[in-house]
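Order of writing sets the chain letters: A, B, C, D, E and F. Residues in each chain are counted from 1.
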Amino acid sequence: MEKLITLLTASGIYNISGGQFVMIVVGLLLLYLAINKNFEPLLLVPIGFGGIMANIPEAGLAFSAVENAVHFAKPEVLQALASVLSASSTDAETLLHAYHTSSPSVHATASLVAQDGGYNNGMLYNFYLVAIASGVAPLLIFMGVGAMTDFGPLLANPKTLFLGAAAQFGIFATVLGAIGLTTLGVMDFSIQDAAAIGIIGGADGPTAIYVTSLLAPQLLGAIAVAAYSYMALVPLIQPPIMRALTTESERKIKMSQLRHVSKLEKILFPISLLILVALLLPDAAPLLGMFCFGNLMRECGVVDRLSDTAQNALINIVTIFLGLSVGSKLSADKFLDVQTLGILVLGIIAFGIGTACGVLMAKVMNKMAGGNAINPLIGSAGVSAVPMAARVSNKLGLESNSQNFLLMHAMGPNVAGVIGSAVAAGVMIKFVG
Amino acid sequence: MEKLITLLTASGIYNISGGQFVMIVVGLLLLYLAINKNFEPLLLVPIGFGGIMANIPEAGLAFSAVENAVHFAKPEVLQALASVLSASSTDAETLLHAYHTSSPSVHATASLVAQDGGYNNGMLYNFYLVAIASGVAPLLIFMGVGAMTDFGPLLANPKTLFLGAAAQFGIFATVLGAIGLTTLGVMDFSIQDAAAIGIIGGADGPTAIYVTSLLAPQLLGAIAVAAYSYMALVPLIQPPIMRALTTESERKIKMSQLRHVSKLEKILFPISLLILVALLLPDAAPLLGMFCFGNLMRECGVVDRLSDTAQNALINIVTIFLGLSVGSKLSADKFLDVQTLGILVLGIIAFGIGTACGVLMAKVMNKMAGGNAINPLIGSAGVSAVPMAARVSNKLGLESNSQNFLLMHAMGPNVAGVIGSAVAAGVMIKFVG
Amino acid sequence: MEKLITLLTASGIYNISGGQFVMIVVGLLLLYLAINKNFEPLLLVPIGFGGIMANIPEAGLAFSAVENAVHFAKPEVLQALASVLSASSTDAETLLHAYHTSSPSVHATASLVAQDGGYNNGMLYNFYLVAIASGVAPLLIFMGVGAMTDFGPLLANPKTLFLGAAAQFGIFATVLGAIGLTTLGVMDFSIQDAAAIGIIGGADGPTAIYVTSLLAPQLLGAIAVAAYSYMALVPLIQPPIMRALTTESERKIKMSQLRHVSKLEKILFPISLLILVALLLPDAAPLLGMFCFGNLMRECGVVDRLSDTAQNALINIVTIFLGLSVGSKLSADKFLDVQTLGILVLGIIAFGIGTACGVLMAKVMNKMAGGNAINPLIGSAGVSAVPMAARVSNKLGLESNSQNFLLMHAMGPNVAGVIGSAVAAGVMIKFVG
Amino acid sequence: MDNLLSEGLELMVFGMGFVFVFLTLLVFVTGLMSKLVTKYAPAPEIKPAKKRTSASASVTAGATAANNDELVAVISAAVHKYRSN
Amino acid sequence: MDNLLSEGLELMVFGMGFVFVFLTLLVFVTGLMSKLVTKYAPAPEIKPAKKRTSASASVTAGATAANNDELVAVISAAVHKYRSN
Amino acid sequence: MDNLLSEGLELMVFGMGFVFVFLTLLVFVTGLMSKLVTKYAPAPEIKPAKKRTSASASVTAGATAANNDELVAVISAAVHKYRSN
């Protein structure tokens, strides 16, 4: 009988909180968007599923050993934790606050105390530690993306790098926006939070996750979900902005064909980029270094089996763990916050500003080049969101001129946007990290 | 000359113990069964090889740093270990007992002391820590199995889930058997040991390893070997029981064809199952969560590259490490014990009872459905052992009626058995974990 | 304005040291050799790229948390480090020396202190810890190589094992050479350094890395680069030695065709080898154990999916991390040393002596077998460097007799050389480890 | 000892009971789900894919099957032009 | 210094000696193994597979090659029926 | 608060400025690199491969494409002989 009561009182249905219920619904919504609407499914299926698992009541899959110990609240364990954390009382909130603000060495001791008490890290928390807290998963995805990227179109027309630069204005404008909301008292973001939110405008998932895990790990769930959702929404967000800022005649501009790029140029490009990073912005070295490494493996032609693994088995394995780990941060107490709303609003503004600046920069460049050389529609591709944004440029071009294929021309600013936001990320880490 | 003596006295042949010799023979036997008799070779080849490596004298591949330090017995290191372990003396047995029963924080300190003394974890021990002690390897295998499983036959005839439930009786009967032997003084199993042994009757390798690593890690070697061996022996163990419990006319029953199952049902099933687990039995969440995740990746159709990796590269990598890690627990002192004999006997009883209950349940369901709808031969497939048990059902059906193809009908209870034993595992972990 | 100065004073160009500049050039040179000259590109591309990343100023990618803390020199952190390291002063050199010679437990404490101070392990340092310091990467590569190796030619003519033994003389002669240079005061190598350098003569990359990581980790960069470079140079190094030591008539000797080797023999060989290792040299058990395991997976025919993964996805993933990790040891302070010069010179001598001894042994065996049975050109393949050395034997054979295909005959000593150098590695680890 | 035995018995009763309750619920949930699917999304095999396409065509124009076909055409044209100069 | 040199010499003698002893033993063991195999399991290439099949046919009926062929037939039939309604 | 705002502004100015400076430099470096390549290694598509082959032919004879062709021939011959007895 006692066993039956144990079973019931430990069941999910007996313990579920309103927040957990809502977050499970959010997880289901993400799965719906990913599967039915094709929203970046490679990430949003694992994130959504991880989000549901993270909110299973009593399972504690997304919690650390200390958090689980505090949740189950054995008095002697709480006492021991309060002692190592120098917390003034043993109530949950005080202990958790002391734990989350403790130094790494106190953290390690508290973890052992919780384990001595019989509590362990949840499965998803371990995935998070290994994949994201260590920084390794976003870097390996960047390496795989590098191995998938063809810099040919960019090398054929290096000036498109300026479009990739201009589109990053969305990032910095959003940082200012987040700070503005804080100054007005609407939200409460630190400068680190603001920087991480801004990076959503970079339209690059792994960069956003990497920067957020360094600057504002408590916002990881919301920022990653916003970043991937908006990347999926690029075909909805960008066209109105692009149409509003360009004239019909500009959209009709046919660009001259790209020159052929030699194998040697493609091999030398990632090396040149790496050295430039090394000389100017060491803080961007992990991200851009791994990106260049992947690209060099692709182009050098002598390590095809490594390049193939980086593009397939390895990036797939890492994606599974990265997605589940991000999902583990979709816990009610972190996600169901007015901040998340702020992040969603700011994120879409960042996308919009980035798109607009890319298009405006393309218009300027077109003017400077005589007015008939650069179709401003390719400017929006500078936000990155590879290859979706380039496809959107191509689509709008075809609407105005059914013989105007802008895809390859838009791939230049598209990959330039990846470099641009990684550079912006490095600046953020340098200044506010 | 001194060097020659060093070499000789450190050689395996000089140091080999009787137990190590026997265990190397056991390892060779497992390799023979795997390679020549096709006994679950994917697991038993790595387990057998790992078992041989674990018993190489003086190499200490399967031992932790502390165990290696105790084996080589430098007095000052033993003294330091005795001090941190609060052991009353420095003899090997006392130290090892204190080490194995120490709390995680004392464990960590002892490990550092052993490393300060110049000893390290053996290679296989490290594999064990990463793959099994962390719990990750069985979970990833479950994810891969989920990605390989087609729930179509089960969805076409959900009542076969009852067969998957009934067959789990073998698990609980065996727990009682193990306790009975202990009460009679024949064996000495704790309730945790009994629960882990019972899970052998679940006929599901990763579930057995996961539960055992949580409840009775010292029995891991014997339980894993028994589980995989008996799964390989399903075509020998089941037929006599099936024949004894069914009449010729029952075995001739031809089942109506299964209805077509839509893609959407297949997508919604893993999600429904996950939510049921979340609401009722959070302790089964890691196992069934990863299983459902793998199955959702398979069915949703938008993350095929992840599903493909989960079914191939990832599950293969994990299988290699899981097998070697299990093999590392085939050390003489743990395996050559009367308990192992008890485990082998109880394990086969568990299989037998499970098979019988599955068949009897099918007979009951057949009676309730009018006596000519369900061929009781598919009941035995409820133990899981996918897809071997379903093939056995099919084979016996063909013997009675050469036009009677039961394979697809038996796949329903077969995959139901996987769910059933994972639920049983969750109950065990809840009650005795 | 202040921010601008921060940016400039933290830039690479402001901080680059001469050593870092030179090492970046060395990294570029390695990439050039790998890509343009096809020097073992699978390893030298990652090593070269890792070497460049390791020398990015201020990024600290190859440094541990403690090394980064010492570099950035916050006084309170230095004070705390000096205290846990019991260092007499807080100047960089003293602290680093105390850190590098500290016991594992002090090491762990110092690492936590540095993290408390806000410093972390660099990305490449983490790769190094996981891949090489743990010993796992070379072992997994050995497993993959085992899964790629066909012992058929060796089994058809087991006497070629003697050639694989003789060629290891290069290893031990080089150890003596390194010690000689130290005795003469030219260099300053410990016996451990000498042993690790000698292993270059084994012409086997993973063995060299494994032994060096155990005996002389500070030499890892130089030794790995030397080992892989010389393996790439085998077609240049070996022919003159082979021509000098053989007569034209010897080079014309046509060897009788190899007998057919049965599947069963191929299955039993890795098991026999493992047992011999277990009985005689437990210290070679990790290396040869994993090698035999890989080969058994290949030959047993029942775990093809594991063998396939070991040969492809897994070995590729490990190669990427191993290469980057080795590259992380190409930091200026460790590589730009007169010792590196010594290592390069001794390494090539080791190769030369090994080649010569292999050829001479083959001549002796040919004499003993009647003078017309064994072409001495196959002796040089005993150094391993699979399959390059066997190809060189074949090429020189064809030069003397255009109908003389020695490739299969040379594969026997070639794989015997792998076993031989792994045995030599075990002896080294036993005696000086 | 006696205690252990009663614990084992209890484990058997509750364990087996729970397994049956859980799988019975799963039978009902699955049946309900299948019924709802057959009722509200009846088309076998082909509809879900179609539905997904049409539903999302209005939302994420760039990423749907329809657009993918179009895309293939575009890329082919582009690559063709790009290579042929 | 002198000590180091003598240690190196010793290492060379014992190391090289051990390598030769080990590989010599391996030559004998391999030769013996091959002889035994040729004597007691002589068939080249084809027998081992055959032997394995027949040996295990009596033991693990469900998992042998013979049964796999049968299985393929069964599954084909089953799938055919299953799809054709 | 005011402080935060000014920090944000500064971050925007320097951040955006740096991004432009960096990418501008990259435009120049890339352009220069392309010019040098076109000047000193002008052949499109085919030369680099050829060059690599010929350059390394003299250095690492055993590992070049040329030798690989040769190798394939050799192995074919060897395997053929080996199997045909």
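FYI, contacts are C-beta pairs under 8 Å (C-beta built on N, C-alpha and C of every residue); 3 or more make two chains touch, one makes a residue touch a chain.
Because the structure is a prediction, the values reported are computed rather than measured.
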- Task: Using the touch definition up top, find the fewest steps from subunit C to subunit D.
- Result: 2
- Query: Tell me, which chains sit next to both subunit C and subunit E?
  - Reply: B
- Message: So which of B-E, B-D or A-D matches C-E, with over half of the contact pairs the same residue numbers?
- Response: B-D
- Task: With contacts defined as at the top, give the pair, A-D or B-D, that has more of them.
- Result: B-D
- Would you identify the chain whose Cα-based centre sits farthest away from the centre of subunit E? A
- Please compute the C-alpha centroid of subunit A, do the same for subunit F, then give the distance between them in whole Å. 28
- Item | Averaged-CA centre spacing for the pair subunit F and subunit C, given as whole angstrom | 26
- subunit A and subunit B, separation of their C-alpha mean positions in angstrom: 38
- Message: Using mean CA coordinates as chain centres, what's the gap between subunit D and subunit E in Å?
- Response: 43
- Message: If I count partner chains per residue in subunit B, which residues reach a count of at least 2?
- Response: 3, 7, 38, 260, 280-281, 313, 427, 431
- Sequence positions of subunit F contacting 2 or more other chains: 11, 14, 18
- Item | Pairs of chains, among all present, that meet the touch criterion | A-B, A-C, A-D, A-F, B-C, B-D, B-E, C-E, C-F
- Within the complex, which stretch of subunit A touches subunit B? 3, 6-7, 10-13, 16, 24, 28, 31, 34-35, 38, 41-42, 45-46, 49, 52-53, 55-59, 61, 112-113, 115-116, 123, 126, 312-313, 316-317, 319-320, 324
- Task: Write out the stretch or stretches of subunit B touching subunit D in their complex.
- Result: 154-155, 158-159, 161-162, 164-165, 168-169, 171-173, 175-176, 178-180, 182-183, 191, 194-195, 260-265, 268-269, 272-273, 276, 280-281, 416, 419-420, 423-424, 427-428, 431-432
- Which bits of subunit D are touching subunit A when the two form their complex? 10-11, 14, 18, 52, 55-56, 59-64, 67, 71, 74-75, 77-78, 81-82, 85
- Query: Hey, which residues of subunit B end up touching subunit A in the complex?
  - Reply: 103-105, 108, 134-136, 139, 267, 271, 274-275, 277-283, 285-286, 289, 292-293, 296-297, 300-303, 305-306, 308-310, 313-314, 427, 430-431
- Can you list the residues on subunit B that touch subunit E in the complex? 3-4, 7, 36-39, 232-236, 257-258, 260, 388, 391-392, 394-395, 398, 405, 407-408
